[in-house]
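My structure is below; once you've seen it, I'll send some questions.
Note that the chains are named A, B, C and D in the order they appear, and that numbering of residues resets to 1 at the start of each chain.
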Amino acid sequence: MPNAPVPLSWYLILSAILFALGVAGFIFRRNIITVFMSIELMLNAVNLSFVTFSYEFKQVDGHIYSFFVMVVAAAEAAVGLAIILTVFKNRATLMIDEVNSMKY
Amino acid sequence: MTALIFIVFAGIAVFCAINLVVQTHPIASALSLIGVMGSLAILYLQLGGEFIAAAQVIVYAGAIMVLFVFVIMLLNAGAEAVSFQASRFVRYLGALLLAAFLGLISLIIQAALPKTEGVLFGTFQGTALDVGRKLFTTYLLPFEVTSVLILIAIVGAIVLARKEV
Amino acid sequence: MNLWLIPILPLLGFLANGLFGRRIPKALINLFAVGSVALSFAWVVKTLLGLGPIETKYVEHYFTWIQSGMLNISVDFAVDRLTAVMLMIVTGVGLLIHIYAVGYMEHEGGYYRFFAYLNLFMFFMLVLVLAQNYLLLFVGWEGVGLCSYLLIGFYLTEQFATNAGNKAFIVNRIGDFGFSLAVFLIVRQFGTLDFAKVFDAAKGMPAEASAGILTAITLLLLVGATGKSAQIPLYVWLPDAMAGPTPVSALIHAATMVTAGVYMTARSATLFMKAPIAMDTVAVIGLATAFFAATIGLTQMDIKKVFAYSTVSQLGYMFLGVGVGAFSAGIFHLMTHAFFKALLFLGAGAVIHGLHGEQDLREMGGLFKHMKITAITLLCASLAISGVPGTSGFFSKDAILVAAYERAPWMYWVGVLTAGITAFYVFRAWFMTFMGEYRGHAHPHESPLVMTGPLMILAVLSLGGGFINVPRFLEPMFAEKAENQTLAWLSAGVGILGIFLAWIFYVAKRGLADSFAKAFGGLYTLVYNKYFVDEVYDAAVVEPLIEGSRTVLWRGIDAGLIDGTVNGVGQRSRGIGSILRLIQSGNIRSYAAWVVLGSIVLLIAIGFAGGLR
Amino acid sequence: MNLFNFYIVSLVKVAVVAFVLLTTLAYLQWIERKVIAHVQLRVGPYRVGPHGLLQPLADVVKLITKEGLIPSHVNKLFYLMAPFVAVTLALISISVIPFGPEIKIGPVDTWMQLTDLRIGILFVIAVSSIGVYGVALGGWASNNKYSLLGGLRSSAQMISYELPLALAVAAPLLLANTLSFREMVSYQSGYWLGFIPRWNLFPEILGFIVFMIAGFAETNRVPFDLPEAENELVAGFHTEYSSMNFAAFFMAEYANMVTVTAVATLLFLGGWQPPFPEPYSNFVPILVFAIGGLIALYHGLNPARRMDKFTLPATALVFLGIAAIFGLSLFVPMAKTILMALFWFCGKILILLFVFIWVRATLPRFRYDQLMRFAWIFLFPISMLNLLATSLIVALTTK
């Protein structure tokens, strides 16, 4: 089998797995940065399914959507990391459980 | 060939993702995330998204993750004290929920996906030309709006990160 | 022909002055204000020359404004002969008054504000005139109402000014209410608002079918017209409107806006023709207004009030003309009246300007030697309004009266009597102002050229304006009326008689007037207090309204019902929130877990909803 | 060509390129030391072999045989991974660089290039953009404040200079309307007025300058070598490294230099296109090598030192031989194509490399804030303007 086609659903399921792992990271980890990275992972998973569908429909729209997702992720990273820096400056911690003054 | 490449890199991606979740040290997580992105880029290439693959590497791996690594180094963030210390609710339900989630999604995908022919490398090429043309005709407005968004993000980041004077 | 330029130019002037007027020098404000109006006047002239003899209506379609179901309202302007006349009047007289205002408002505060409003008014008035369907006309209609409100209340630090503004606005509301009802009826009846379509449909209707509905429509239109054009019973706002600056009184409350009612009636002539009852109503209302206003004018001591009442009564004439079917004569009188009444007001303004704000006739007198130009120009206007042969008033007023005679002789006689009274009080005002010796304490002086210039132009117009044969020009649109020389000369004679009496009363034999007032004390007080109409309205309408709103609307509905509901909603949500608060653990990750749970539920829902094939 | 053939050819090409490249990297270091030495009026390496020609070998032997010691308290995995990452990423991008036109040797006809991507240029940018991880990781993993500072600096510097670099690259792309190196080069073929080569250098002079400056920064070369600023942080990110790990970092740096210069050549200097029209350009290499040989011979005949009696004539012979080869190749079309392409391409690259070394020998180092300000306040706007101007021109000229 030099060139056996791969079922489309594999890509989608892969993206689902990655997304689920991202969610897991988001739920289980305590380090803000790791949580943040889990979000990025989820975004990537979504991108993968975008590109897959774009292959399915033989149109580049999916690529463009994932491109937008990247742009938004970049903006998000810039602001989010700035926020993390500020939080660390004020709280000297990165554990989200300890940043909970909004609760009270 | 296609299948082989897919299996290899999908495996790498999943492994790295798991690594991201289980590693206690942020740097390790960051590097494994980069691994995920790299392998995803390969998969994009396979799906004919050459431009998006390059963008993936340049923007994500090359810029965003560098930023992450930079911040991690800057804060010299150490490993988490206790790794899987989750809140009460989460400890019991989280894993279960995720399993259900994953199962459902794959179920729906399997059921709902039209049974078309699979992916073969080279049957579809979303060249940079096509992407650019679409981006500047159909999606012009969103494109411009994202530029504004980025501007806002820059300003916000500067305001947040500048030292109080 | 780019008709849209005509209204847009003043609008630009308004924007320029309204937005930046506070910062830019007066010269620039004048440039914007006057320049824009001058430009649009020039454009009007160019357009009319370009159109030549407008045998058929020239229409320009711009865009579809409202498209709902079968109703399709588009924004388009049109020029026919009627519109042409109105355009000339509005832009021409408007331009003169703008120039005049530059001098008059010299020392007033809120200079830019005044001119911004004035330009805005021009814009709306031109829209009104150019409009090609009832809705667009209504836009202009409301817009001019708004501007008149703003300008009446221009001295917004003065209580009486703001009150007068409110009064004008509210009274106009009543009229506009009738107007809008009429518009609804038209839509319901004809399914369109476009003039051409409506009139064709109306023409097509058989008499028995048309009578009822058309009468209703036209009567409602008439309500609107009485509101805007200050006819009985809604005339009460106009005299108070004199609280505004004099150029405003001249432009809005004499020359242009108040004639909108007449214009609208003439525009809807086709409808009125099919509704004789409505026609009679118009005629009677016009006649009554003319007579009563004239009698009130006899006794007023405030120079502007005198002219205000004379405006009301002249408008009454126009309505009489329109009502008896002499539309062309009505429009003709509208034009001439625009000339001489604008002149009267501007002249009065010059006098007031010269006397540093003095408006009371008893404080004037003998000003002839101080301000000759003003006096002479005012004399021209007075001659014109009293219908002295050769002057513009003669032709237009007599055209109306003759038409009235054709309809019913008694109308003619009342009209003639009113003409006499008109001549009397106008010259009363003139004599009290310029003859005899000065009774005031100010130091009167002539106004600058920028003010007297328009006066002179208008004087020429009001003397010679009669020779512009408007009725002939409008002939293709409205049926021409019969001539009748003797009647004309008779009314003219009565007018001259009135002038003579005024001369006796106020120049030859002083005190005669006072003795008359003594003699008919009761009548005099009655007239002097304007038949107590305002008081009656207060007692009959305003008080109950206020009382009702206070008790029912405010206490009952607003405080009780609406606030109750809102507060109740607030209470409930607070209660629910106090329960929901319990799951707010403040822990992001548990929130995330909740989100996952929700998404799972959603997925299951999708699955069962048939997402699975 | 069938699949087997394809693999064979590719393997051959890879082998050749790898060998040549690695040797070049080794000798580049020698050249650098020599040049700097002469700029500073020293002789430079002289002991090992004639004029120190064997110095690189000695270095290699030394570095290999040295003990690669791993300090305690370092994160072993990343510590060992960093140099590997660095050198790999540095070498990868060579694989899309074409050295010459399509050639035909016996049965096979192929390109003088390992592989051609439709997005080759993007590929190079991407690889260079993740090249930073080697340095950053090494700096962080060696658990040493100087190294950490070096790593931080390099990552910040890389991100900052990515933008001008990318923008400067974008301008020629706009002109040529392609992302592939081959088409880029073919776009630059031909001459204006018959003698001015149609290189992007002339319309894009600003872009070229910005690209070179950003290239210096991307390769952490002087005056942007803050990650390894000896006098501030002992040796920056590779303070803790020794033996082959250290060598790997060095290889990475030189490989990056080669990549940058090669890309600059391809984008702005017309790749392997000769600077003047066909017939004349053929004789240039002959003349160059012949003259070089003659000079060497002259010096050899009246030597300054004892050794020169033998070394210089030998060099002269080599040079003359090369000149002869070029001369003969004029009669073998295919050989001529190959040699000419190689000559011009390598010539241009060598000139640019010399610029690199020259700058290192002359310019002082930036201060950190100056570095950042320079990138954001000066370089970035300039390249942006250049890009805008170019796009305007393109928009106006293309129908």
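We adopt the following convention: a residue touches a chain if its C-beta (ideal position, glycine included) is under 8 Å from a C-beta of that chain, and two chains touch if they have at least 3 such contacts.
All figures in this text were calculated on a predicted structure; none of them were measured in a lab.
> Quick one: point me to the chain whose Cα centre is farthest from that of subunit C.
D
> At what distance in angstrom does the C-alpha mean of subunit B lie from that of subunit A?
Spacing between the chain centres: roughly 5 Å.
> How many angstrom lie between the centres of subunit A and subunit C, each centre taken as the mean Cα position?
Each chain reduced to its C-alpha mean, subunit A and subunit C end up 66 Å apart.
> What's the distance between the Cα centroids of subunit C and subunit D, rounded to whole Å?
85
> For subunit A, which residues are shared contacts with two or more other chains?
23, 27-28, 97
> Would you mind listing the residues of subunit C that make contact with two or more other chains?
Touching at least two other chains: 585, 587, 589, 593, 596.
> Touching two or more other chains, which residues of subunit B qualify?
Residue numbers touching two or more other chains: 51, 63, 67, 74, 86-87, 90, 94, 98, 101, 105.
> So what shape is it, when you link every pair of chains that touch: line, ring, star, complete or other?
Graph shape here is other: it fits none of the named patterns.
> Which two-chain combinations qualify as touching?
A-B, A-C, B-C, B-D
> Give every residue of subunit B touching subunit A within the complex, in rising order.
1-3, 6, 10, 13-14, 17-18, 20-21, 26, 29-30, 33, 36-37, 40, 43-44, 47-49, 51-52, 55-56, 59-60, 63-64, 67-68, 71-72, 74-75, 77, 80-82, 84-87, 90, 94-95, 98, 101-102, 105-106, 109-110, 113, 116-121, 124, 126, 130-131, 134-135, 138-139, 142, 146, 149-150, 152-154, 156-158, 160-161
> Which residues, counting only subunit D, touch subunit B once they are in their complex?
75, 78, 117-119, 122-123, 125-127, 129-130, 132-133, 136-137, 139-140, 148, 151-152, 155-156, 158-159, 162, 166, 179
> If you look only at subunit C, which of its residues touch subunit B in the complex?
Those in contact with subunit B are residues 585, 587, 589-590, 593, 596-597, 599-600, 603-604, 606-607, 611-613.
> Within the complex, which stretch of subunit A touches subunit C?
23, 26-28, 35, 96-97, 100, 102-104
> Looking at the complex, which residues from subunit A come into contact with subunit B?
1-14, 16-25, 27-31, 33-34, 36-38, 40-41, 44, 47-48, 51-52, 54-56, 58, 60-64, 66-68, 70-79, 81-86, 88, 94-95, 97
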